[in-house]
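Data first, discussion second: the structure below is written as C-alpha coordinates.
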Amino acid sequence: MAAYETVIPVRFGHVDYAGIMFYPRFFDNFHAVFEDMFGARLGVPYMSILKERRIGFPTVRIETQFHRPFRFGEPMRLRIDCTRVGRSSIDFHYRAFHGDGREPSAEARATVVTVDLDTLKPIDIPPDIRAVLADLHD
Amino acid sequence: MAAYETVIPVRFGHVDYAGIMFYPRFFDNFHAVFEDMFGARLGVPYMSILKERRIGFPTVRIETQFHRPFRFGEPMRLRIDCTRVGRSSIDFHYRAFHGDGREPSAEARATVVTVDLDTLKPIDIPPDIRAVLADLHD
Amino acid sequence: MAAYETVIPVRFGHVDYAGIMFYPRFFDNFHAVFEDMFGARLGVPYMSILKERRIGFPTVRIETQFHRPFRFGEPMRLRIDCTRVGRSSIDFHYRAFHGDGREPSAEARATVVTVDLDTLKPIDIPPDIRAVLADLHD
Amino acid sequence: MAAYETVIPVRFGHVDYAGIMFYPRFFDNFHAVFEDMFGARLGVPYMSILKERRIGFPTVRIETQFHRPFRFGEPMRLRIDCTRVGRSSIDFHYRAFHGDGREPSAEARATVVTVDLDTLKPIDIPPDIRAVLADLHD
(Lines give C-alpha, C1' and ligand atoms only; values in the text may rest on other atoms or scores of the structure.)
Protein backbone atom coordinates (compact mmCIF):
# COMPACT_ATOMS: atom_id res chain seq x y z
CA MET A 1 0.00 0.00 0.00
CA ALA A 2 1.04 3.62 -0.06
CA ALA A 3 -0.09 7.15 0.57
CA TYR A 4 -3.59 7.85 -0.78
CA GLU A 5 -4.37 10.44 -3.43
CA THR A 6 -7.41 12.15 -4.89
CA VAL A 7 -7.90 15.11 -7.24
CA ILE A 8 -10.34 17.94 -6.55
CA PRO A 9 -10.81 20.91 -8.90
CA VAL A 10 -10.50 24.43 -7.53
CA ARG A 11 -14.07 25.72 -7.81
CA PHE A 12 -15.36 29.25 -8.36
CA GLY A 13 -16.87 29.25 -4.87
CA HIS A 14 -13.46 28.41 -3.40
CA VAL A 15 -11.52 31.31 -4.87
CA ASP A 16 -11.51 34.78 -3.41
CA TYR A 17 -11.63 38.25 -4.87
CA ALA A 18 -8.01 37.83 -6.02
CA GLY A 19 -8.97 34.69 -7.96
CA ILE A 20 -6.90 32.37 -5.75
CA MET A 21 -8.10 29.68 -3.38
CA PHE A 22 -9.30 31.19 -0.09
CA TYR A 23 -7.02 29.55 2.47
CA PRO A 24 -9.76 28.08 4.74
CA ARG A 25 -10.92 26.03 1.74
CA PHE A 26 -7.64 24.04 1.79
CA PHE A 27 -8.80 22.48 5.04
CA ASP A 28 -12.05 21.35 3.43
CA ASN A 29 -9.92 19.60 0.81
CA PHE A 30 -7.61 18.05 3.40
CA HIS A 31 -10.70 16.64 5.08
CA ALA A 32 -11.99 15.38 1.73
CA VAL A 33 -8.88 13.27 1.06
CA PHE A 34 -9.05 12.01 4.67
CA GLU A 35 -12.67 10.84 4.09
CA ASP A 36 -11.93 9.32 0.71
CA MET A 37 -8.90 7.47 2.07
CA PHE A 38 -10.96 5.81 4.80
CA GLY A 39 -13.67 4.86 2.33
CA ALA A 40 -11.20 3.38 -0.15
CA ARG A 41 -8.89 1.60 2.28
CA LEU A 42 -11.39 0.44 4.88
CA GLY A 43 -13.90 -0.60 2.24
CA VAL A 44 -16.80 1.06 4.03
CA PRO A 45 -17.96 4.69 3.81
CA TYR A 46 -16.27 7.05 6.28
CA MET A 47 -19.75 7.99 7.55
CA SER A 48 -20.40 4.44 8.74
CA ILE A 49 -17.50 4.78 11.22
CA LEU A 50 -19.25 7.77 12.71
CA LYS A 51 -22.84 6.67 12.39
CA GLU A 52 -22.70 2.97 13.15
CA ARG A 53 -19.58 2.72 15.30
CA ARG A 54 -19.94 6.17 16.94
CA ILE A 55 -16.24 6.91 16.43
CA GLY A 56 -14.96 10.36 15.49
CA PHE A 57 -11.58 11.92 14.70
CA PRO A 58 -11.45 15.55 15.84
CA THR A 59 -8.35 17.46 14.76
CA VAL A 60 -6.42 18.79 17.77
CA ARG A 61 -3.46 20.38 15.96
CA ILE A 62 -2.64 21.30 12.37
CA GLU A 63 0.44 23.11 11.03
CA THR A 64 0.10 24.31 7.48
CA GLN A 65 2.35 25.98 4.94
CA PHE A 66 1.14 27.52 1.70
CA HIS A 67 3.96 27.71 -0.84
CA ARG A 68 2.18 28.58 -4.06
CA PRO A 69 -1.41 29.75 -4.67
CA PHE A 70 -4.03 27.72 -6.52
CA ARG A 71 -6.09 29.53 -9.13
CA PHE A 72 -9.65 28.79 -10.16
CA GLY A 73 -9.91 25.79 -12.45
CA GLU A 74 -6.58 24.23 -11.54
CA PRO A 75 -6.80 20.59 -10.46
CA MET A 76 -5.54 20.08 -6.90
CA ARG A 77 -3.95 16.69 -6.34
CA LEU A 78 -4.20 15.83 -2.65
CA ARG A 79 -2.08 13.21 -0.90
CA ILE A 80 -2.43 11.88 2.64
CA ASP A 81 -0.02 9.68 4.52
CA CYS A 82 0.24 8.66 8.16
CA THR A 83 3.47 9.53 10.01
CA ARG A 84 2.67 8.28 13.54
CA VAL A 85 0.08 6.07 15.20
CA GLY A 86 -0.31 6.31 18.98
CA ARG A 87 -2.80 4.70 21.31
CA SER A 88 -5.62 7.04 20.35
CA SER A 89 -3.86 9.84 18.45
CA ILE A 90 -2.71 9.79 14.82
CA ASP A 91 -0.43 12.11 12.83
CA PHE A 92 -1.26 12.74 9.19
CA HIS A 93 0.72 14.55 6.53
CA TYR A 94 -1.30 16.27 3.82
CA ARG A 95 0.16 17.59 0.58
CA ALA A 96 -1.55 19.56 -2.19
CA PHE A 97 0.10 19.56 -5.61
CA HIS A 98 -0.53 21.50 -8.79
CA GLY A 99 -1.41 18.70 -11.19
CA ASP A 100 1.54 16.38 -11.62
CA GLY A 101 4.00 18.66 -9.84
CA ARG A 102 6.60 17.03 -7.59
CA GLU A 103 6.87 19.75 -5.00
CA PRO A 104 3.80 20.35 -2.82
CA SER A 105 2.20 23.75 -3.25
CA ALA A 106 0.70 23.46 0.22
CA GLU A 107 1.19 20.95 3.01
CA ALA A 108 -0.03 20.29 6.52
CA ARG A 109 0.86 18.09 9.47
CA ALA A 110 -2.14 17.27 11.61
CA THR A 111 -2.85 15.32 14.80
CA VAL A 112 -6.28 13.80 15.23
CA VAL A 113 -7.60 11.92 18.24
CA THR A 114 -9.84 8.89 18.02
CA VAL A 115 -12.88 9.54 20.23
CA ASP A 116 -16.23 8.17 21.28
CA LEU A 117 -18.53 10.40 19.25
CA ASP A 118 -21.06 10.72 22.05
CA THR A 119 -18.72 11.60 24.92
CA LEU A 120 -15.87 13.05 22.77
CA LYS A 121 -13.47 11.10 25.09
CA PRO A 122 -10.39 9.38 23.58
CA ILE A 123 -10.61 5.68 22.83
CA ASP A 124 -8.06 3.15 21.61
CA ILE A 125 -7.73 3.05 17.83
CA PRO A 126 -9.69 -0.04 16.68
CA PRO A 127 -7.58 -2.80 15.02
CA ASP A 128 -9.09 -2.46 11.51
CA ILE A 129 -8.41 1.28 11.45
CA ARG A 130 -4.91 0.72 12.88
CA ALA A 131 -4.21 -1.72 10.02
CA VAL A 132 -5.25 0.86 7.43
CA LEU A 133 -2.99 3.47 9.01
CA ALA A 134 -0.02 1.07 9.15
CA ASP A 135 -0.15 0.85 5.37
CA LEU A 136 -0.68 4.55 4.73
CA HIS A 137 2.90 5.69 4.12
CA ASP A 138 5.14 6.78 1.26
CA MET B 1 -4.90 50.34 21.64
CA ALA B 2 -4.96 46.62 22.16
CA ALA B 3 -5.80 43.30 20.59
CA TYR B 4 -9.06 43.36 18.64
CA GLU B 5 -12.07 41.20 19.46
CA THR B 6 -15.34 40.19 17.85
CA VAL B 7 -17.99 37.60 18.67
CA ILE B 8 -19.42 35.19 16.09
CA PRO B 9 -22.07 32.58 16.92
CA VAL B 10 -21.45 28.95 16.00
CA ARG B 11 -24.04 28.38 13.27
CA PHE B 12 -25.87 25.20 12.30
CA GLY B 13 -24.06 25.18 8.96
CA HIS B 14 -20.71 25.22 10.78
CA VAL B 15 -21.24 22.15 12.94
CA ASP B 16 -20.71 18.65 11.74
CA TYR B 17 -22.55 15.39 12.24
CA ALA B 18 -21.20 15.25 15.82
CA GLY B 19 -22.71 18.66 16.57
CA ILE B 20 -19.32 20.37 17.00
CA MET B 21 -17.71 23.01 14.83
CA PHE B 22 -16.15 21.46 11.73
CA TYR B 23 -12.48 22.43 12.06
CA PRO B 24 -12.11 24.17 8.64
CA ARG B 25 -14.76 26.66 9.77
CA PHE B 26 -12.40 28.01 12.48
CA PHE B 27 -10.28 29.47 9.70
CA ASP B 28 -13.29 31.30 8.28
CA ASN B 29 -13.74 32.86 11.69
CA PHE B 30 -10.05 33.73 12.03
CA HIS B 31 -10.34 35.53 8.71
CA ALA B 32 -13.50 37.29 9.89
CA VAL B 33 -11.78 38.84 12.91
CA PHE B 34 -8.84 39.79 10.65
CA GLU B 35 -11.25 41.64 8.30
CA ASP B 36 -13.17 43.30 11.10
CA MET B 37 -9.96 44.45 12.77
CA PHE B 38 -8.78 46.22 9.63
CA GLY B 39 -12.16 47.83 9.11
CA ALA B 40 -12.34 49.05 12.71
CA ARG B 41 -8.74 50.17 13.17
CA LEU B 42 -8.00 51.55 9.71
CA GLY B 43 -11.39 53.25 9.48
CA VAL B 44 -12.02 51.99 5.95
CA PRO B 45 -13.54 48.67 4.88
CA TYR B 46 -11.03 45.82 4.45
CA MET B 47 -12.28 45.43 0.88
CA SER B 48 -11.12 48.93 -0.06
CA ILE B 49 -7.51 47.86 0.62
CA LEU B 50 -7.94 45.10 -1.95
CA LYS B 51 -10.15 46.86 -4.44
CA GLU B 52 -8.80 50.38 -4.49
CA ARG B 53 -5.20 49.87 -3.35
CA ARG B 54 -4.75 46.41 -4.95
CA ILE B 55 -3.06 45.06 -1.81
CA GLY B 56 -3.65 41.52 -0.53
CA PHE B 57 -2.54 39.46 2.46
CA PRO B 58 -2.22 35.80 1.54
CA THR B 59 -1.53 33.46 4.45
CA VAL B 60 1.72 31.55 3.98
CA ARG B 61 1.80 29.61 7.26
CA ILE B 62 -0.65 28.87 10.06
CA GLU B 63 -0.18 26.67 13.11
CA THR B 64 -3.37 25.85 14.95
CA GLN B 65 -4.30 24.04 18.14
CA PHE B 66 -7.82 23.03 19.07
CA HIS B 67 -8.15 22.55 22.82
CA ARG B 68 -11.89 22.30 23.36
CA PRO B 69 -14.72 21.86 20.85
CA PHE B 70 -17.37 24.47 20.12
CA ARG B 71 -20.97 23.31 19.97
CA PHE B 72 -23.78 24.77 17.91
CA GLY B 73 -25.18 27.96 19.40
CA GLU B 74 -22.18 28.79 21.55
CA PRO B 75 -20.82 32.31 21.05
CA MET B 76 -17.20 32.26 19.86
CA ARG B 77 -15.20 35.24 21.05
CA LEU B 78 -12.33 35.81 18.64
CA ARG B 79 -9.22 37.85 19.42
CA ILE B 80 -6.43 38.92 17.08
CA ASP B 81 -3.11 40.48 17.99
CA CYS B 82 0.05 41.10 16.02
CA THR B 83 3.28 39.53 17.30
CA ARG B 84 5.76 40.58 14.61
CA VAL B 85 5.90 43.07 11.75
CA GLY B 86 8.57 42.55 9.09
CA ARG B 87 9.21 44.40 5.85
CA SER B 88 6.34 42.68 4.04
CA SER B 89 5.40 39.78 6.34
CA ILE B 90 3.26 39.96 9.48
CA ASP B 91 2.67 37.44 12.28
CA PHE B 92 -0.77 37.28 13.84
CA HIS B 93 -1.99 35.40 16.89
CA TYR B 94 -5.62 34.29 16.84
CA ARG B 95 -7.50 33.03 19.87
CA ALA B 96 -11.04 31.65 20.09
CA PHE B 97 -12.72 31.65 23.49
CA HIS B 98 -15.92 30.15 24.82
CA GLY B 99 -17.83 33.26 25.85
CA ASP B 100 -15.96 35.04 28.64
CA GLY B 101 -13.51 32.19 29.22
CA ARG B 102 -9.90 33.14 30.01
CA GLU B 103 -8.19 30.20 28.37
CA PRO B 104 -8.43 29.96 24.59
CA SER B 105 -10.37 26.94 23.30
CA ALA B 106 -8.49 27.21 19.99
CA GLU B 107 -5.58 29.33 18.87
CA ALA B 108 -3.46 29.90 15.81
CA ARG B 109 -0.24 31.64 14.85
CA ALA B 110 -0.23 32.80 11.26
CA THR B 111 2.17 34.55 8.91
CA VAL B 112 0.72 36.62 6.10
CA VAL B 113 2.62 38.45 3.38
CA THR B 114 1.65 41.85 2.01
CA VAL B 115 1.44 41.55 -1.77
CA ASP B 116 0.49 43.42 -4.90
CA LEU B 117 -2.86 41.82 -5.65
CA ASP B 118 -2.27 41.69 -9.39
CA THR B 119 1.21 40.16 -9.42
CA LEU B 120 1.00 38.43 -5.99
CA LYS B 121 4.58 39.69 -5.37
CA PRO B 122 5.57 40.97 -1.88
CA ILE B 123 5.51 44.71 -1.29
CA ASP B 124 6.56 46.84 1.70
CA ILE B 125 3.82 47.20 4.30
CA PRO B 126 2.30 50.68 3.76
CA PRO B 127 2.76 53.15 6.68
CA ASP B 128 -0.94 53.40 7.63
CA ILE B 129 -1.24 49.60 7.89
CA ARG B 130 2.06 49.42 9.77
CA ALA B 131 0.69 51.92 12.29
CA VAL B 132 -2.42 49.80 12.86
CA LEU B 133 -0.29 46.69 13.43
CA ALA B 134 2.02 48.50 15.87
CA ASP B 135 -0.97 49.09 18.12
CA LEU B 136 -2.44 45.60 17.79
CA HIS B 137 -0.98 43.90 20.84
CA ASP B 138 -2.05 42.71 24.26
CA MET C 1 -44.77 39.96 18.16
CA ALA C 2 -43.62 40.45 14.62
CA ALA C 3 -41.22 39.25 11.95
CA TYR C 4 -37.75 38.55 13.30
CA GLU C 5 -34.59 40.34 12.12
CA THR C 6 -30.86 39.94 12.44
CA VAL C 7 -27.88 41.60 10.75
CA ILE C 8 -24.97 39.66 9.28
CA PRO C 9 -22.01 41.34 7.57
CA VAL C 10 -21.01 40.23 4.08
CA ARG C 11 -17.64 38.55 4.70
CA PHE C 12 -14.62 38.27 2.43
CA GLY C 13 -15.13 34.50 2.23
CA HIS C 14 -18.69 35.06 0.98
CA VAL C 15 -17.87 37.25 -1.99
CA ASP C 16 -16.73 35.92 -5.32
CA TYR C 17 -14.16 37.02 -7.85
CA ALA C 18 -16.46 39.90 -8.84
CA GLY C 19 -16.52 41.14 -5.24
CA ILE C 20 -20.24 40.40 -4.78
CA MET C 21 -21.88 37.82 -2.57
CA PHE C 22 -21.73 34.36 -4.14
CA TYR C 23 -25.40 33.42 -4.44
CA PRO C 24 -25.25 30.10 -2.51
CA ARG C 25 -24.13 32.08 0.55
CA PHE C 26 -27.54 33.82 0.71
CA PHE C 27 -29.01 30.48 1.76
CA ASP C 28 -26.53 30.19 4.61
CA ASN C 29 -27.76 33.57 5.79
CA PHE C 30 -31.43 32.63 5.39
CA HIS C 31 -30.72 29.61 7.58
CA ALA C 32 -28.92 31.82 10.10
CA VAL C 33 -31.96 34.07 10.64
CA PHE C 34 -34.15 30.94 10.87
CA GLU C 35 -31.90 29.58 13.66
CA ASP C 36 -31.67 32.88 15.48
CA MET C 37 -35.43 33.36 15.33
CA PHE C 38 -36.09 30.01 17.00
CA GLY C 39 -33.48 30.70 19.67
CA ALA C 40 -34.91 34.14 20.42
CA ARG C 41 -38.61 33.34 20.26
CA LEU C 42 -38.63 29.84 21.75
CA GLY C 43 -36.15 30.80 24.45
CA VAL C 44 -34.01 27.70 23.91
CA PRO C 45 -31.18 27.19 21.41
CA TYR C 46 -32.29 25.91 17.99
CA MET C 47 -29.90 23.00 18.45
CA SER C 48 -31.83 21.73 21.48
CA ILE C 49 -34.86 21.12 19.23
CA LEU C 50 -32.72 18.85 17.10
CA LYS C 51 -30.57 17.28 19.76
CA GLU C 52 -32.97 16.79 22.64
CA ARG C 53 -36.33 16.61 20.88
CA ARG C 54 -35.02 14.95 17.70
CA ILE C 55 -37.05 17.30 15.49
CA GLY C 56 -35.73 18.68 12.20
CA PHE C 57 -36.96 21.10 9.53
CA PRO C 58 -35.69 20.09 6.10
CA THR C 59 -36.42 22.58 3.32
CA VAL C 60 -38.48 21.01 0.55
CA ARG C 61 -38.94 24.04 -1.71
CA ILE C 62 -37.41 27.51 -1.95
CA GLU C 63 -38.04 30.21 -4.56
CA THR C 64 -35.55 33.03 -4.52
CA GLN C 65 -35.13 36.33 -6.31
CA PHE C 66 -31.97 38.40 -6.24
CA HIS C 67 -32.72 42.05 -7.04
CA ARG C 68 -29.50 43.82 -6.15
CA PRO C 69 -26.04 42.43 -5.36
CA PHE C 70 -24.38 42.69 -1.95
CA ARG C 71 -20.76 43.77 -1.88
CA PHE C 72 -18.13 42.81 0.66
CA GLY C 73 -18.45 44.70 3.92
CA GLU C 74 -22.08 45.71 3.47
CA PRO C 75 -24.33 44.78 6.39
CA MET C 76 -27.12 42.42 5.34
CA ARG C 77 -30.31 42.86 7.36
CA LEU C 78 -32.27 39.62 7.27
CA ARG C 79 -35.96 39.30 8.08
CA ILE C 80 -38.02 36.16 8.47
CA ASP C 81 -41.77 35.89 8.77
CA CYS C 82 -44.16 32.96 8.57
CA THR C 83 -46.87 33.04 5.90
CA ARG C 84 -48.56 29.65 6.42
CA VAL C 85 -48.64 26.93 9.06
CA GLY C 86 -49.96 23.51 8.07
CA ARG C 87 -50.10 20.27 9.99
CA SER C 88 -46.40 19.54 9.52
CA SER C 89 -45.32 22.01 6.81
CA ILE C 90 -44.50 25.69 7.26
CA ASP C 91 -44.01 28.52 4.75
CA PHE C 92 -41.43 31.16 5.52
CA HIS C 93 -40.66 34.41 3.77
CA TYR C 94 -37.09 35.63 3.90
CA ARG C 95 -35.96 39.09 2.94
CA ALA C 96 -32.44 40.52 2.77
CA PHE C 97 -32.03 44.29 2.87
CA HIS C 98 -29.11 46.62 2.33
CA GLY C 99 -28.83 48.27 5.74
CA ASP C 100 -31.97 50.25 6.48
CA GLY C 101 -33.36 49.94 2.95
CA ARG C 102 -37.12 49.46 2.57
CA GLU C 103 -37.09 47.32 -0.54
CA PRO C 104 -35.58 43.84 -0.21
CA SER C 105 -32.43 43.28 -2.27
CA ALA C 106 -33.10 39.55 -2.21
CA GLU C 107 -36.06 37.50 -1.03
CA ALA C 108 -37.13 33.88 -0.78
CA ARG C 109 -40.27 31.89 -0.09
CA ALA C 110 -39.53 28.52 1.45
CA THR C 111 -41.50 25.51 2.62
CA VAL C 112 -40.02 23.37 5.38
CA VAL C 113 -41.45 20.18 6.82
CA THR C 114 -41.33 19.26 10.48
CA VAL C 115 -39.82 15.77 10.75
CA ASP C 116 -38.63 13.15 13.18
CA LEU C 117 -34.88 13.61 12.85
CA ASP C 118 -34.16 9.89 13.01
CA THR C 119 -36.71 8.66 10.45
CA LEU C 120 -37.01 11.94 8.48
CA LYS C 121 -40.80 11.30 8.44
CA PRO C 122 -43.24 14.24 8.89
CA ILE C 123 -44.67 14.84 12.34
CA ASP C 124 -47.26 17.28 13.64
CA ILE C 125 -45.82 20.68 14.54
CA PRO C 126 -45.53 20.71 18.36
CA PRO C 127 -47.69 23.32 20.16
CA ASP C 128 -44.84 25.49 21.47
CA ILE C 129 -43.34 25.80 17.98
CA ARG C 130 -46.80 26.44 16.50
CA ALA C 131 -47.26 29.29 18.97
CA VAL C 132 -43.97 30.89 17.92
CA LEU C 133 -44.96 30.66 14.26
CA ALA C 134 -48.40 32.17 14.90
CA ASP C 135 -46.69 35.32 16.13
CA LEU C 136 -44.08 35.50 13.39
CA HIS C 137 -45.76 37.85 10.96
CA ASP C 138 -45.50 41.43 9.72
CA MET D 1 -24.82 17.65 -28.02
CA ALA D 2 -26.98 17.29 -24.96
CA ALA D 3 -27.38 18.28 -21.35
CA TYR D 4 -24.11 18.23 -19.40
CA GLU D 5 -23.47 16.02 -16.38
CA THR D 6 -20.90 15.69 -13.63
CA VAL D 7 -20.74 13.68 -10.41
CA ILE D 8 -19.78 15.19 -7.05
CA PRO D 9 -19.63 13.15 -3.83
CA VAL D 10 -21.57 14.36 -0.78
CA ARG D 11 -18.75 15.34 1.59
CA PHE D 12 -18.67 15.27 5.38
CA GLY D 13 -18.44 19.06 5.44
CA HIS D 14 -21.64 19.27 3.40
CA VAL D 15 -23.87 17.24 5.69
CA ASP D 16 -25.54 18.62 8.75
CA TYR D 17 -26.16 17.32 12.23
CA ALA D 18 -28.83 14.99 10.81
CA GLY D 19 -26.30 13.47 8.40
CA ILE D 20 -28.03 14.83 5.29
CA MET D 21 -26.83 17.46 2.87
CA PHE D 22 -27.33 20.96 4.26
CA TYR D 23 -29.61 22.58 1.68
CA PRO D 24 -27.41 25.64 0.89
CA ARG D 25 -24.72 23.21 -0.31
CA PHE D 26 -26.93 22.13 -3.22
CA PHE D 27 -26.42 25.56 -4.73
CA ASP D 28 -22.65 25.14 -4.53
CA ASN D 29 -23.07 21.96 -6.54
CA PHE D 30 -25.43 23.58 -9.06
CA HIS D 31 -22.75 26.21 -9.60
CA ALA D 32 -20.09 23.51 -9.96
CA VAL D 33 -21.90 21.81 -12.85
CA PHE D 34 -22.48 25.24 -14.42
CA GLU D 35 -18.70 25.93 -14.30
CA ASP D 36 -17.74 22.49 -15.54
CA MET D 37 -20.21 22.72 -18.43
CA PHE D 38 -18.69 25.97 -19.66
CA GLY D 39 -15.17 24.60 -19.38
CA ALA D 40 -16.07 21.41 -21.24
CA ARG D 41 -18.28 22.88 -23.96
CA LEU D 42 -16.50 26.17 -24.56
CA GLY D 43 -13.07 24.56 -24.41
CA VAL D 44 -11.65 27.23 -22.13
CA PRO D 45 -11.81 27.46 -18.32
CA TYR D 46 -14.90 29.22 -16.96
CA MET D 47 -12.57 31.60 -15.13
CA SER D 48 -11.15 32.91 -18.39
CA ILE D 49 -14.61 34.26 -19.30
CA LEU D 50 -14.57 36.29 -16.11
CA LYS D 51 -10.92 37.20 -15.94
CA GLU D 52 -10.02 37.87 -19.55
CA ARG D 53 -13.38 38.80 -21.05
CA ARG D 54 -14.78 40.48 -17.92
CA ILE D 55 -18.14 38.74 -18.34
CA GLY D 56 -20.17 37.43 -15.40
CA PHE D 57 -23.43 35.52 -14.92
CA PRO D 58 -25.14 36.58 -11.71
CA THR D 59 -28.20 34.52 -10.77
CA VAL D 60 -31.32 36.68 -10.51
CA ARG D 61 -33.90 33.98 -9.75
CA ILE D 62 -33.79 30.32 -8.70
CA GLU D 63 -36.70 28.02 -7.82
CA THR D 64 -35.68 24.82 -6.14
CA GLN D 65 -37.41 21.67 -5.00
CA PHE D 66 -35.85 19.06 -2.75
CA HIS D 67 -37.58 15.70 -3.16
CA ARG D 68 -35.28 13.28 -1.38
CA PRO D 69 -32.33 13.94 0.95
CA PHE D 70 -28.72 13.09 0.10
CA ARG D 71 -26.70 11.38 2.78
CA PHE D 72 -22.97 11.62 3.35
CA GLY D 73 -20.96 9.54 0.91
CA GLU D 74 -23.66 9.26 -1.73
CA PRO D 75 -22.57 10.31 -5.22
CA MET D 76 -24.64 13.22 -6.53
CA ARG D 77 -25.07 13.18 -10.30
CA LEU D 78 -25.73 16.72 -11.48
CA ARG D 79 -27.25 17.62 -14.83
CA ILE D 80 -27.61 21.06 -16.41
CA ASP D 81 -29.59 21.98 -19.50
CA CYS D 82 -30.65 25.29 -20.98
CA THR D 83 -34.37 25.94 -21.44
CA ARG D 84 -34.37 29.52 -22.78
CA VAL D 85 -31.85 31.96 -24.23
CA GLY D 86 -32.81 35.63 -24.35
CA ARG D 87 -30.80 38.66 -25.37
CA SER D 88 -28.84 38.77 -22.13
CA SER D 89 -30.73 36.40 -19.82
CA ILE D 90 -30.55 32.59 -19.78
CA ASP D 91 -32.73 29.95 -18.11
CA PHE D 92 -31.05 26.82 -16.80
CA HIS D 93 -32.55 23.64 -15.40
CA TYR D 94 -30.52 21.81 -12.79
CA ARG D 95 -31.21 18.28 -11.63
CA ALA D 96 -29.49 16.28 -8.89
CA PHE D 97 -29.85 12.49 -8.99
CA HIS D 98 -28.95 9.73 -6.58
CA GLY D 99 -26.42 7.77 -8.64
CA ASP D 100 -28.09 6.32 -11.72
CA GLY D 101 -31.63 7.19 -10.58
CA ARG D 102 -34.07 8.38 -13.23
CA GLU D 103 -36.10 10.74 -11.08
CA PRO D 104 -34.30 13.84 -9.80
CA SER D 105 -33.92 14.02 -6.02
CA ALA D 106 -33.60 17.79 -6.26
CA GLU D 107 -34.07 20.22 -9.11
CA ALA D 108 -33.88 23.94 -9.77
CA ARG D 109 -34.86 26.39 -12.48
CA ALA D 110 -32.60 29.43 -12.55
CA THR D 111 -32.33 32.64 -14.55
CA VAL D 112 -28.91 34.22 -14.92
CA VAL D 113 -28.08 37.48 -16.64
CA THR D 114 -24.98 38.03 -18.76
CA VAL D 115 -23.24 41.15 -17.42
CA ASP D 116 -20.15 43.27 -17.78
CA LEU D 117 -18.22 42.19 -14.69
CA ASP D 118 -17.00 45.69 -13.90
CA THR D 119 -20.30 47.58 -14.19
CA LEU D 120 -22.63 44.61 -13.49
CA LYS D 121 -24.82 45.91 -16.36
CA PRO D 122 -26.45 43.43 -18.79
CA ILE D 123 -24.72 42.79 -22.10
CA ASP D 124 -25.73 40.76 -25.16
CA ILE D 125 -24.77 37.10 -24.87
CA PRO D 126 -21.61 36.67 -27.02
CA PRO D 127 -21.99 34.35 -30.08
CA ASP D 128 -19.65 31.59 -28.84
CA ILE D 129 -21.53 31.33 -25.54
CA ARG D 130 -24.86 31.46 -27.36
CA ALA D 131 -23.73 28.53 -29.53
CA VAL D 132 -22.87 26.47 -26.44
CA LEU D 133 -26.28 27.19 -24.92
CA ALA D 134 -28.11 26.28 -28.14
CA ASP D 135 -26.68 22.76 -27.84
CA LEU D 136 -27.30 22.37 -24.11
CA HIS D 137 -30.64 20.60 -24.12
CA ASP D 138 -32.05 17.15 -23.46
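Note that the chains are named A, B, C and D in the order they appear, and that numbering of residues resets to 1 at the start of each chain.
Rule of thumb we're sticking to: a residue touches a chain if its C-beta (ideal position, glycine included) is under 8 Å from a C-beta of that chain, and two chains touch if they have at least 3 such contacts.
Bear in mind that the values here come from a model prediction, so they are computed numbers and not experimental data.
The rotation relating chain A to chain C, fitted on Cα atoms, comes to 180°, given as a multiple of 5.
Taking B-D and A-D together, the chain pair joined by more C-beta contacts is A-D.
With centres taken as mean Cα positions, chain D sits 32 Å from chain B. In this assembly, the C-alpha centroid of chain C lies 23 Å from the C-alpha centroid of chain D. Chain A and chain D have centres, each the mean of its CA atoms, that are 28 Å apart. In chain C, 12-13, 15, 17, 19, 22, 24, 28, 31, 47, 51, 72 are the positions where the chain touches two or more neighbouring chains simultaneously. Chain D makes touch with chain B in their complex at residues 12-13, 15-17, 19, 22, 24, 72. Residues 17-18, 20, 22-25, 27-28, 30-31, 47, 50-51, 56, 58-67, 69, 117, 120 of chain A are the ones that touch chain B when the two sit in their complex.
Residue ranges on chain B touching chain C, taken from their complex, read 9, 11-13, 15, 19, 28, 31-32, 35-36, 39, 45-47, 51, 71-73.
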